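Every chain is named by a letter (A, B and C) in the order it is written, and numbering of its residues begins at 1.
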Amino acid sequence: MKRTRMLVAAVLAGALALAGCGQQGSPGAQGSGYEPAVAENVTVEGSPTFDKIQQRGRLIVGVKDDQPGMGFRDATTGQFSGFDIDIAKMIAGGLGFSPDQIDYKVVPSAAREDAIERGEVDYYVGTYTINDKRKERVGFAGPYYIAGQGLLVRADDNEITGPQTLQGKTVCSATGSTPIQRVREQNLTDQIVEFQTYTQCVDQLINGQVDAVTTDDAILLGYASQNPEQLKVTGETFSEEPYGVGVPRDDAAFRNKINDLLQAAADDGTWKTIYDGTLGKSGTPADPPQVERY
Amino acid sequence: MNVLLDNLDLYLRGFGGTLALFVVSAIGSLILGTIIAGMRVSPVPVLRGVGTLYVTVLRNTPLTLVLFFFAFAYPRLELVELSFYTLACIGLTLYTAAFVCEVVRSGINTVPVGQAEASRALGFSFTQTLGQVVLPQAVRAVVPPLTNVQIALLKNTTIAAGFAVVEAGGIYANLSERGYNVFVGLLWVALFFIILVVPLTILQRRLDQRWSAAR
Amino acid sequence: MSSVLYDIPGPAARARNRTVGAIGVAAIVAVLVFVVYRFYDAGQFSPRLWEWITYINIQYLLLNALWATVSAFLVAAVLSLVFGAVFAAGRLSDHRWISVPATAVVELFRAVPLLILIFILFYGLDRGLGITIDAFWAVVLGLMLYNGSVLAEVFRAGVNAVPRGQSEAAYALGLRKGQVMTSVLLPQAVRSMLPTILSQLVVVLKDTALGFIILYPELLYQARFLGSQNQLGAPILPVALVVAVIYIGLCLILTGISRLVEKRLAHGPRKAKPADPDLVAPQAGHGGV
């Protein structure tokens, strides 16, 4: 099986090379330039997760790959970048692992609890809102960022300024997601459109088929920062979504260790560096939240 | 049981959307499919070619892509503005019509040659031969397989859930966000589909048995 | 048959056909030109939106995606055939305790949409019963259950279509039930149902596209991923066009192979009249995506 794949790949790659069209590298610099400090001789007393990581010698971190500015994989280079990714690197550094010792694993939103419960990932950093229902199955370190439901509109749109101005407008979000359920429950508008990804919503927004895209402002800022001529985030946020780092539920030692690392990053300015290199590019300032231990 | 009762609104909305899509696309695909079948057996070579091309392309493209093009490419044409529900109906109709066409065309072939020859001898034109003699007799052969095509359509509507249509296929995502047991939730969805499909299957069996005996 | 429907066109009819043909061609060309022009106008053919295809990493990505699609198809196709044969035999069994459950299973999996089936396999079983299935197997097993059930019906219809004299003769020669089935009925059934079976395999191939909902990295999933690449201009439409061409190409290759097989069989020693795929087989060729 493997050999066939190699063969097919080799033949096609050869053909493409002959045609002289095999570009490498990325069309635009994506990295934030953040390099984490790697701690040495780290121990975490009584943490089965950490023992497992040390045995393996590598970290497996659950992330998202389709949210620019947060967790994003560049198809041209295969590199991950974004605020969540840098937070994940910072935690890895604090655990004694350099960025090239991290294996990223893309986990769909609906399978996050499963992946953590089964130990498929050591920890998960990917726009993961802390709530009580999820706490029944996983543990949360953090929060490391307070997002809130916001609205992304076309840059030249001055009519939509907040949730109350949505009446009669078409609003788009990911199928079944909490933000769109909230719009429906609060009757903000009856013109609701759901696609599988936010990128598809943003495409329809630029196209004029929908008037606003709604979800956590962090995700929206990611899109706005990449395309400021056409898009902007408008109005106040109208919910509070504290983002946490998902960890195995019963590993309190591991959770506390990550809480310590997040607190340290907030206090010594590392958080600020990470934010300015990623989401901060959109021009919206932010401060690190207080870590909530439990 | 709680999963169902707590989210009854979700299930009602979802299956309401499923049925709305199904009814419109079913009627549309039957009409369009028959027209294209007529084109494929018509005396005009160009129409035959167009019919064949249509069937080849539509039958070999995943429905997801067909719906995708209607949701994302059509708006760029800047024609009449249509709702995403309408676009999904058009996509499902066009896709299913290709299968309806093939069934009808095979049905035409089951009518004894003498019938068409006799009508030609009586001076019937092509449309008269097809519409008044051949198609009415082909009905008995095509109804059972057409039921199958429509059952497939009913199930295929779930794919529209990913393209801005409120639909039973989207129930899962909602349940997952609301934190319910998705396994139970999905079993309910499956059960409702069985309830919808089984009568159609039984009807098809009946028709199949009655008419295969008469053949 | 089709040529029986109308007289051989005379000069007047030929002229009329030519006019209709010319108008038809003109209309289609006009629509195509319009569509292409509008896409061009909307900048969908600007070099920036097609730049993605020149990156070596993306070319590998697409190759891997193609392989993911093809490998899922191959495994699912084999398993569907086996599943279909087993359950067709089950449905045809004289023992009610075999035929009733077999019928129930086949009817069950034919009625549930594949999308829901894959959801249940991937998310549901884990949450409900603690059974973990990875994305590849969730897609493959979903395809197997659905298409296998359809194929079971196809095989059954094929066996039933073999003239009764065949099995009567076989029994008269002293063959046992199993032998009659495997060496007399099934070979003839498979031969006559081959077009239907192959068209169902095209459905399997197309339905692998549903893997994208559980992040199985097949063509459609990667297409969606590439469409989200903002630094490349988020080329949603160009990627979809390329992927559509790949799918149609793959399906046409498969159809071509089935034509070849049909022809070879038609020249074979025992000529069984191939059944019309669209009439005999319940639901064949109309499944899934």
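Just so it is clear, a contact is a pair of C-beta atoms (placed from the backbone, for glycine too) under 8 Å apart; a residue touches a chain by one contact, two chains touch by 3 or more.
No experiment lies behind these values; they were computed from the predicted model shown.
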Touch-based graph of the chains, sorted into line, ring, star, complete or other: complete
Pair sharing more residue contacts (C-beta pairs) when B-C is set against A-C: B-C
Most central chain, judged by mean C-alpha position against the global CA mean: C
Length of the line joining the C-alpha centres of chain A and chain B, rounded to whole Å: 40
Cα-centroid distance, chain B relative to chain C, in whole angstrom: 16
CA centroid of chain A to CA centroid of chain C, Å: 37
Numbers and ranges of chain A residues touching at least 2 other chains: 110, 196, 200, 203
Multi-partner residues of chain B (each touching 2 or more other chains): 72, 76, 161-162, 172, 176, 182
In chain C, residues with contacts to at least two other chains: 123, 127, 213, 236
Contact footprint of chain A on chain B as seen in their complex: 71-72, 75-76, 84, 161-164, 166, 170-179, 182
Contact set on chain A toward chain B in their complex: 109-110, 133-134, 172, 174-178, 181, 192-196, 200, 203-204, 207-209
Residue ranges of chain C in contact with chain B within the complex: 1-2, 4-7, 9, 13, 17, 20-22, 24-25, 28, 34-35, 38-39, 42, 44, 107-108, 110-117, 119-120, 123-125, 127-129, 202, 206-207, 209-210, 212-213, 220, 236-237, 240, 243-244, 247-248, 251-252, 255, 276-279, 281-289
Chain C residues within the chain A interface of the complex: 51-61, 63-64, 66-67, 71, 122-123, 126-127, 132, 213-215, 224-232, 234, 236
Chain B residues within the chain C interface of the complex: 40-47, 50, 56-57, 59-65, 68-69, 72-73, 76-78, 99, 102-103, 105-111, 113, 116-117, 120, 125-126, 129-130, 134, 141-142, 144-145, 148-149, 151-152, 155-156, 158-159, 161-162, 169, 172, 176, 181-184, 186-187, 189-190, 193-194, 197-198, 201, 204, 208
